[in-house]
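One chain, chain A, links the two complexes that follow: it is found with chain B in the first and with chain C in the second.
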Partner chain A sequence: MIQTTYQETKKTTGLRILMDILKRHGIFVALIALFIVGSLISDVFLSPRNIFNILRQSSIVGIMAIGMTFVLIGGDIDLSVGSTLSLCMVLAIGLQQQGLALSILIVLIVGILVGLLNGLLVGLFKANAFIVTLGTMSIVQAIALIYSKGYHMLGDPESAFSIIGRGMIGPVPIPVIIFIAFSIVFHIILNNSKFGYSVYATGGNAKAAWASGIHTGLTKLLAFALTGFTAAVGALVMSSRLASAQPSAGQGYELDVIAAVILGGTSLLGGRGSILRTVVGALFFAVFSNLMILLNVAYPFQLVIKGAIIICAVWADIIGRRALQQ
Partner chain B sequence: MVGEYILEMKGISKAFPGVQALKRVDFNLQRGEVHALVGENGAGKSTLVKILSGVYKKDEGEIVLNGKKVDIGTPQIARELGIATIYQELAMVPQLSVAENIFLGRPIFGKFHFINRTAMEEKAKVLLESLGVSIQPSKLVEDLSIGQRQLVEIAKALSLDAKIIVMDEPTSSLSQTETEYLFKVIDRLKSNGISIVYISHRFEEILNVADQISVIRDGNNVGTLSGKSATHEKIIELMVGRRIEEFYVKVNVEYGEPVFCVENLWRKGVFYDINFEVREGEILGITGLVGAGKSEVVRSIFGLDPLDGGKVLFNNKEIFIKSPINARHLGIGFLPETRKEEGLMLPLSVRRNISITILDSLCKWGLINSLNEVQLVEDYVKTLKIKTPTIEEITVNLSGGNQQKVAIAKWLGIMPKLLILDEPTKGIDVGAKSEIYALISELVKNKVGVVLVSSDLDEVMAISDRLIVMHEGVITGYFKTKEVSKINVLSAATGFNNPQTTNFSGTVAR
Partner chain C sequence: MNFLKLFAKHRVWFILLGILIVTILMSPNFLTVRNISNVLLQTSINGIIALGMTFLLISGDFDLSVGSVMALSAALAIGLQSRGILTACITAVVLGSAFGLLNGFLVTKAKINAFIVTLGTMTMVRGIVLAYTNQRPISGSNSSFLNLSGSSWLGIPIPAFIFFAGVIVSHIILTYNSLGRNCFAIGGNREASIFSGIRVDRYRIIYFTICSFTASIAGIVLASRLNTASPVYGQDTALMVVAAVLLGGTSLAGGSGSVIQTLAGVMIIGVLNNSLNLLNVFSYYQGLIIGIILVVVTILDSYYAKKRKFEAQIVTKRLEFKKELNNGT
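So, the complex of A and B:
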């Protein structure tokens, strides 16, 4: 019955198609609109230099948001990524004397360990993700302060480590290459691996996924470990670019990261979202900040507009869900 | 007073994107009658009722109430016109008292504009007594049974001076005694001149309680029968538009080896001393009243709930299932009773719901082969006749019957040796029911052992080869379905000692 009358009653007027696209793919349209506005009001906006600048600025939040996408699709949230960023940054600078490979390895392991701790508590001990990561956010930040003794740590800008944040391959900054590579790899993992399928299932309905023989706890554990890992990679890029690390550098980053994922259209309620959307969300914020600077908008106003955009994104999430559930 | 129409709905039409839900439906309701609405899920009866209660706006047609044309734009207007609806999921605040719930949103005030609890409780008491119900008005709703809550809802409707009460599947969560009690209350309401629109899937009840029965099919009112002349067969014929013999599908299959066997299974306080075996190609029915523990047994077997002791043999080897993951790897599938909570991931697509159990076999070098996945899912959608625009449609948009088919389809992919179906036809329409029976037949032909847990006696007696009856956590009867009468089964289910119990399980039962 549904199939036969489907075409008859669904009036496919131009307006309705447009509304449909806006509801489901609003962020893509918004990003394109931002580009058009940018190119109209500023000559330098579309210059390759500015474009790569935008991409590089989006790369740290973007890399971290890739991990966060897994956690949010799985129906959880991770508030500790900002603190993990802080800790991994001070470690990356502090361990520089230990040699490049070893310091990078330790930073990555520490990031993963923080993620594993979150995942263990949330996935296997069934604790609430919001509360658990609020707790680890505080603890990990404290460890960063203890390790750095509260000092702004300076690294060696001439060391090979700086290549990660400052290097270029041709015209393309290395952070952008890492961001693109991560996007592709984790897009494939989310869309085509058993783990990715399990993440969607767990976020879609954890009880039903469990009753289908999916190890939902393990899935959550891995998603959090992945978020810890991407936070550590973000820290390597950032500390390398700055050749220094402040123990409080990551404060507030968790919100930027979550905002980028939500803005892309990944649902706070779990089960819906994609890496592509997250990439677009991260790009949107970077383009937006870039435009604000080009337009000389005062920083407090930038924050107000940014907040309004986040609220709109959550609103769009609700509308989008309704649009899907006719 | 009986004879005049209190409500006439004329030529009501309603379309939703993708579907014409109602096509010029007429529906007339007399004063003081119980008028049952029956039809498959998605036939349009809920839509009709929602138009009556102001939830949906009609596209076409008119509603005449007490001889006056009315426009029911919102639920608020419906309430003011004296039309009350009691939904399947009751809309109550559990933490408030009975009286507070009855007068929710319009409390009785006393001195200094404080809420006068005593006056509210007294008024509530009068209302409840008028229904012949004795529930303390000061009791919290969360301490009441579902049946009692429903009676409170009815009292609330009366307090709003309702003349028409719509009951949507009122007995779906009630026990036998509670149901009988509800019918007594309905009788009282009738004698007070209140009309009742009664929606139900349970034919026995409808035949018992309804004065008129209207059958809705594909958005049309295909006929109204008087309660006296209606029979089970007549209603089903109108509902499905074909004859009833085709309804229960059952094939006779030669049984093979025992595939699954449990011995002395128990879980403290829930069930004890459970023994049975299932052979290849056999359908074992488990029935009993609500609360008999039949669901609990199969949930524990599948690893969803704990077990305290006993032995489980699968292909003659002892196994220990600690979670559904073990069960799935062994080739055991389980369709849970609660489709929305455990059966399906409603926000996800049909594809993701079906492929979830077979990710391992779809994997090649760690990645899922999407082409194989789509092919497989489309095959199941085709063979199970799942009505969905595409396999990417999210399952929440499917009708109940089609959702159920998706929930079953996911277990077909693992090539199960044992499939446990817990109330597979609960809350789904007649057409989908008969398709599910056909599917079960198909499974046993392929040597799958099937455990069918069902509260629907007709169903379980028609479909299964052997039948276990449970009462309060223990097995009170083993029957061969061919040799047993409904009365034997019912007396076992209610705990009467039954001399005709045949011990079929040979070595297992003791």
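So, the complex of A and C:
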């Protein structure tokens, strides 16, 4: 019996390894395929300038998706990140006169506070995450509109604040550096800290996690606070890049962010996912949008293809995983 | 005690009553025939969709694409008007419902999460609408289409009649028909439903189709109000509709809910929006207030759910204790 299984594993051919990789890491393969298609179709696609452009475009959704990964692994969802992005953007521009450090600090604190509010409602009051964050989405959006009085706010593009979104270190844009740094730091936190384990355990089986001594409510609270924080950082990058802020700029961002996380293979049911996969998911969307622009595809058709890709990617992932289980 | 239980069971209606009383006291214009019919007209569009969404939420599924489907149906009802209003409306309903069928197939046969599937179709359908309308509002040529929501009977606008008729029909289906009863079974326990012989996949596809069907009807009503269709109709419809249904006490987890309660949820949001308008509250504050109410109601809901669970536990413990006593003697 043992011998036969040994022989079977020995039979593993190159093709089977390939299929295995395809089943396990479909989204990576899809990203590479997209890159190959892009380089074949367009001459400028693989130029360093375009590559950095893609990275910069992916960085805002990517940074926000990193926080969202924690919430989704914990088995919850946060629909308020788009509004948080809007609020933090108008604050970042509106408070510019108060000094650089102070304005950034306030923006980050506000982001974390929104996250804490969500976390408090979901983690401690045990409210349904979907509907409560729908409520806070509405509240935070209203605060952003009230603060900005509904106007498009213009900042000072010459101030030092612009470095966050427009600056470069060598050839690398600063948003990309922030994105990469966040990915590494939060990858380590998710995989090597007690908090990270608690998030997985809470999302996998909240009762079992509670029984084994993990404070699930507190874990959720922290995960939401983290999402608020990353949304604030995303807002800093975006408002500094645009040197302006619109109170409705973040509308629909929550769906982009969640789609990026889920495209990476993080389960909506919680308990499974990784930062690396989320990063790939965010990159996939950015590469896709870039290709569509290079190919001059009209916006409505971009939407149609994007919707089809979301469904197909998740479908392929499910088929692959089912094949693995068999 | 009894009153408390009654309150807990029908709290949506009491909340609606409270809001109504406050509104009537604070603004004299609320209780005019014109305003009431206005409220009914405004709520009926989201209300019609909320009926389909109630089916879907009870069966444990979810649809984000209703807003886009509504916009598609509105665009088709206007764009195809040159071939006759009836043809345009039928095409709109059939094509809109087809997307529900697609959602249902992808969710049940391909086993993709409903959130993702409907997020995908939401994006796709929005793209189709934008392409069809050339990204600008289109208006119809046949002004008799305006009669659909422009005319009223006994002071009540026709869309409200459609909505109320929908409430009655859905209520009958949900309480007396196997189509509706299976909805509760599937949402309550999907595995048990399979084992008891319910064709779960087929029914879930039907519920998705019903939801898109109601969204298409709402799209036609919306289009007929101004005889215009804008490609950006229904951007936040899905969220408002889900909010109304959940306000009514239908659980996101599935297995419980009722159309009558959904009616209350829809009316709460409609009356609230209207009264904030009457009280001259700046529209930004309306979002704030509706958000706060949503949060409070959700917390109350989870509190009551926890209490129910606790009470159920006590009842089972008592029964067990009684059994032990009987066995002992």
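Convention: the second predicted complex is superposed on the first by the 293 of 326 C-alpha atoms of A that agree within 3 Å, B and C clash if a C-alpha of one lies under 4 Å from a C-alpha of the other, contacts with A are read in each partner's own complex, and residues count from 1 in each chain.
Assume a residue touches a chain if its C-beta (ideal position, glycine included) is under 8 Å from a C-beta of that chain, and two chains touch if they have at least 3 such contacts.
No experiment lies behind these values; they were computed from the predicted model shown.
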Tell me which partner A:Tyr197 touches in the superposition: chain B (first), chain C (second), both or neither. first
Quick check for you: in the superposed arrangement, does A:Leu222 touch first (chain B), second (chain C), both or neither? neither
So in the superposed three-chain picture, is A:Leu91 touching just chain B, just chain C, both, or none of them (first/second/both/neither)? neither
What is the contact status of A:Ala243 with respect to chain B (first) and chain C (second): first, second, both, or neither? neither
Now for A:Val279: first (chain B), second (chain C), both, or neither, which partner does it touch? neither
Comparison of chain B and chain C by chain A residues contacted: C
Which partner does A:Met137 contact after superposing on A: first (chain B), second (chain C), both, neither? second
Just chain B (first), just chain C (second), both, or neither: which does A:Ile214 touch? first
Is A:Gly271 touching the first partner chain B, the second partner chain C, both, or neither of them? first
I'd like to check the shared interface: which positions of chain A are touched by both chain B and chain C across the two complexes? none
What part of chain A is in contact with chain B in the complex they form? 1-3, 5-6, 8-10, 188, 192-194, 197-198, 200-201, 204-205, 207-215, 267, 269-272, 321, 324-326
Over in the complex, which chain C residues touch chain A? Could you list them? 106, 110-113, 115-117, 119-131, 135, 235, 239, 242-243, 246, 252, 284-288, 290-295, 298-299, 301-303, 306
List the residues on chain A that touch chain C in their complex, please. 79, 121, 125-128, 130-132, 134-143, 145-146, 150, 251, 255, 258-259, 262, 268, 298-311, 314-315, 318
Partner chain A, residues of chain B touching it in the complex: 15-20, 42, 218, 302, 304, 323-325, 327-329, 334, 336, 341-348, 352, 355-357, 359-360, 363, 366-368, 370, 387-389, 394, 396-397, 399, 410
